[in-house]
Amino acid sequence: MAEIVINGLTKRYPNGFEAVKDLTLDIGEGELLVLVGPSGCGKTTALRMIAGLEEISDGDLYIGGQRMNDVLEKDRDIAMVFQNYALYPHMTVAQNIAFSLKIARRPRAEIKRRVHETAQLLAIEEMLDRRPKQLSGGQRQRVAMGRAIIRQPQVFLMDEPLSNLDAKLRVQMRGEIDALQKRLAVTTVYVTHDQVEAMTMGDRVAVLRDGKLQQVDTPFQIYERPANLFVASFIGSPPMNLAEAAIKQTKDGLTVSLGEAEIAIPHELAARNSLDAWVGKSVIAGIRPEDIYEVTRKTAKLQAAMQVKIDRVEALGASLLGYFSVDAAAPRAESVSAIPAEEVLSEAPLTGTSGTSFCAIFEPRAMLKIGDTTEVALDLSRLHFFDPETDASLLAEDEPEKKKKPEAKKK
Amino acid sequence: MKNIRRWGPGLLLVSPSIILIAIFVYGLIGWNIKVSLSNWRQAQPTSHYAGLGAYRDLAHDAQFRLTLAHLLIFTIVFALGTLIIGWTLALLLDKGVKGEGFFRAVYLFPMAISFIASGIVWRWLMNPAPGDRTTGLNALFDKIGLHSLSNQWYLNDHSVVFGIRSWGMAAMALPAIWALSGYVMALYLAGFRGVPEELREAARMDGASELRVYRHVVFPHLKPVTLAALIIIGHISIKVFDLMVAIGGKQWFTQTPAVYMWIQIYDSSDYAKGAAIATLLLLLISILVIPYLIYTVRAERRS
Amino acid sequence: MTATPTTLPASVPARSRPGWRRVKKARAPAIKYTALLIFAVIILMPVYILIVTGFKGVAETDPAHAWALPHLWTTSAWRQAWDQLSPNMMNSLELAIPATILSTVLGCLNGFALSKWRFPGANIVFTFFLFGMFIPYQAVMIPLTELLAKLQFPAQLPRLALAHIIYGIPITTLIFRNYYATIPEDLMESSRMDGAGMLRTLWSVVLPISVPAFVVTMIWQFTSIWNDFLFAVFIITDPSQYPVTVALNNTTGSLVSAYDLQMSAALLASLPTLVVYILLGRYFMRGLMAGALKG
């Protein structure tokens, strides 16, 4: 067990492409850090540099206080779980799990004991004599975990270990890996592009985009206080609604005009975002879908109401997604996370309406149909503001104790 | 680059072979060129530089020019024959017929036999002897009443056709076609089978007849295979040696440059001339193969 | 040997033209089989001649009986061929077995390093090797014989074996490299992470799954070495060390020898490769594929 210190890590591929740019991260002892980001953002590359499978072009890597840049992968004492498991096809499960110990020339009795313990831990004892071909996807996944666990390494690295499993199994294995990691308390870097995995498993989450670190914080903080437009739009499903909005000064304080709605901003919110400096200018305002309500149900002082026409509804059972258009410009496309394909498709009916499509999560039994007009309210305390030029959140730097990374977990 | 410990062992593992290939392929090619430029034209080795004399001799050597004509005819017939037959066999087998394994094995088995051994049978089959010494195919033709098909086989050189006197070489291509058609079939069969079934399905769904599926979907996919087959057959053809020796020995009517080189060395002890012929053969093959190798390795890297 | 385009529309899409279906299904394979069988007969014809003539007495090898079965089956020609060729067949075995094994091992090491333990410039090295597969060996033959003689390299057969090993490197490397290209990269990385170095990875992870490549390469090498004539005729000058191809060519090349002896000798000399081919033909086909630079 050891902490990982990453300082200015950069990967330049021979073709000149920079897949990871100046990555700086501290990963605490026993912590599970999730590396998340869209496809091609450099997650795998970063992980492989830590593993030693990819040469580090620039920057430093320390594990347990020792500089690892020039240490061969086999000497780094790191175990890795591969996306396709990479089980040795000609070896039985037991031999697969024991391979690293055999190479380390551990005594036979010890190997046998540890294989047995590991198999017990993962509930794969009956499969020890089988070949990988004779296992199901979930079982292979367990064997791959076993191969990593048995070594009791300083660090676990996992690259999308669950992406080959079906949805149900993924949820189950997610829990198992999480529990196992907490139990073994081995420092772990876990790569995924699934934000649910990121939010549920990570002690902290690092969001990567185009090789650059966007934000690293606890899942809660990432969700509540996204550092920039990209994180705001990447984390959360459906994503945060974002649109350009003008800040104005009135005699009662500041207002933000979102489309036709003129919304008074609570003092405290304005202060936290230093909005005074933005009077007469445009910002990007954001609100998460769950913070938009139908007025009929709930009213509160801090809620600003606006009339909207529902363009499309999606009944999900537990909730109902309603889409409507707000007459305000959307943020620049390059600032936000690319819209997933299915969202693009669903926007098709909106052609003709100008403005930005917003999504709200309504009560499942709200009787909304396409074409209905309804009044919605925003939970003003949960408005987010971003600088339209730099994309950065306007939220003032937080009190230091909130920023601190969580304590290393105890066994 | 900086982490030699990472890739050093790999290089070390290959280095014995790199050294061997460097010496025995590239080094000896260079040495051979040097011999071709020397005055080693008798049994006793000498290594004085003597310029292009051996090459100039070759340019004026009618016998050498004849071997080049032989090679040309042989290559054309050999390549066309194997490509057409191999392609046809692959097409016949493509859809899968019962006993495919048997047919494939039969068509391929000549590959397992040396030209020296099969040459013996083919010498018998293509025996040009007339009258009561007739054997082989001529005898068969006589027996089944196709006397008109009887011919002189590799001795067919009397009549000048298209200004070429070397049609006997077309007959010499028969054993080579026999030996390598199965090989080309195997290449084409892999090519046919490499066309994704979805592509064929899609064309069928678009209403294409099976004939059109082949013409517009399958055949265009075979271009790289045809190229590979041409290169392989072409270079085998340029090197061909034992087949000629087995059937015609050192006689002039089956001489190719490779055989002529052997004769220069063993009978005339003209090493410089032999080396010059070998260098020209290498040049010929390089023109054929080097662009192909570069193209292949590049295409591989791209994918 | 006319190509048979009539068999081309093998099966017209059954669904769209139900009326055609029965006719086509019944007839197309018949035409196909006929064509396939004709080709098979033509290809097997020389074998028929080899066997039939080999079992004839000298008296029956005259042109009048050229294509007929022997009246009197006799093995005298076979015994004669065996007497003449058996020492040379032993030479060929002595040559082919070690040369096959060694060139295969080299191919394995190279193929592994060039595809799974790569170093900068691995592709260039591979191309550099590959060209050696295509060169006409005539272009190295004069210096090669001179060099081997100069080096005082032991006896003649080991010299020939050395030549076969070296000039076999390109093809064996190619076969192994193409085979290893199909092994997932993460198996190597996994082994590295498990703490194994290169040799350990090769031994414990790669070799156990390389059996098919070994079989293919060994068949290929054994066949080409056994069948080689060019290297042997240049390098071996001592008749007692001739491999079987050279000896066969010498016994039968003099056109005076009887056909029965010629044929039985030819078949005898081909038996080892034929047996290998019949037993392991499936792999042979794969070796051919590799020769075409295809994965």
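Letters A, B and C mark the chains as written, and numbering starts fresh at 1 in each.
As a convention for this text, a residue touches a chain if its C-beta (ideal position, glycine included) is under 8 Å from a C-beta of that chain, and two chains touch if they have at least 3 such contacts.
Being a predicted model, the structure only gives us computed values, none of them experimental.
The chain occupying the central position, as judged from C-alpha centroids, is C. Of the two chain pairs examined here, A-B and A-C, it is A-C that is joined by more C-beta pairs in contact.
For the pair chain B and chain C, the distance between C-alpha centroids works out to 15 Å. For the pair chain A and chain B, the distance between C-alpha centroids works out to 60 Å.
With centres taken as mean Cα positions, chain C sits 57 Å from chain A. Taken residue by residue, chain C touches two or more other chains at 197, whereas all remaining positions touch fewer.
Touching two or more other chains at once is no residue of chain B. Across the complex, chain B meets chain A through its residues 2-3, 5-6. Only residues 51-53, 73-75, 78-80, 82-84, 86, 88-90, 99-100, 103-104, 147, 151 of chain A touch chain C when the two sit together in their complex. Partner chain B is touched in their complex by these residues of chain A: 55, 70, 72. Only residues 1, 7-11, 13-14, 16-18, 20-21, 24-25, 28-29, 31-32, 35, 45, 81, 84-85, 87-89, 91-95, 97, 101, 103-118, 120-122, 124-125, 132-136, 139-140, 143, 178, 181-183, 186-187, 190, 204, 207, 209-211, 214, 225, 228-229, 232, 235, 238-239, 241-242, 245-246, 249, 258, 261-262, 265, 271, 274-275, 277-279, 281-282, 285, 289-290, 293-294, 296-297, 301 of chain B touch chain C when the two sit together in their complex.
Chain C contributes residues 184, 186-187, 189-197, 200, 204-205, 208-209 to its touches with chain A in the complex.
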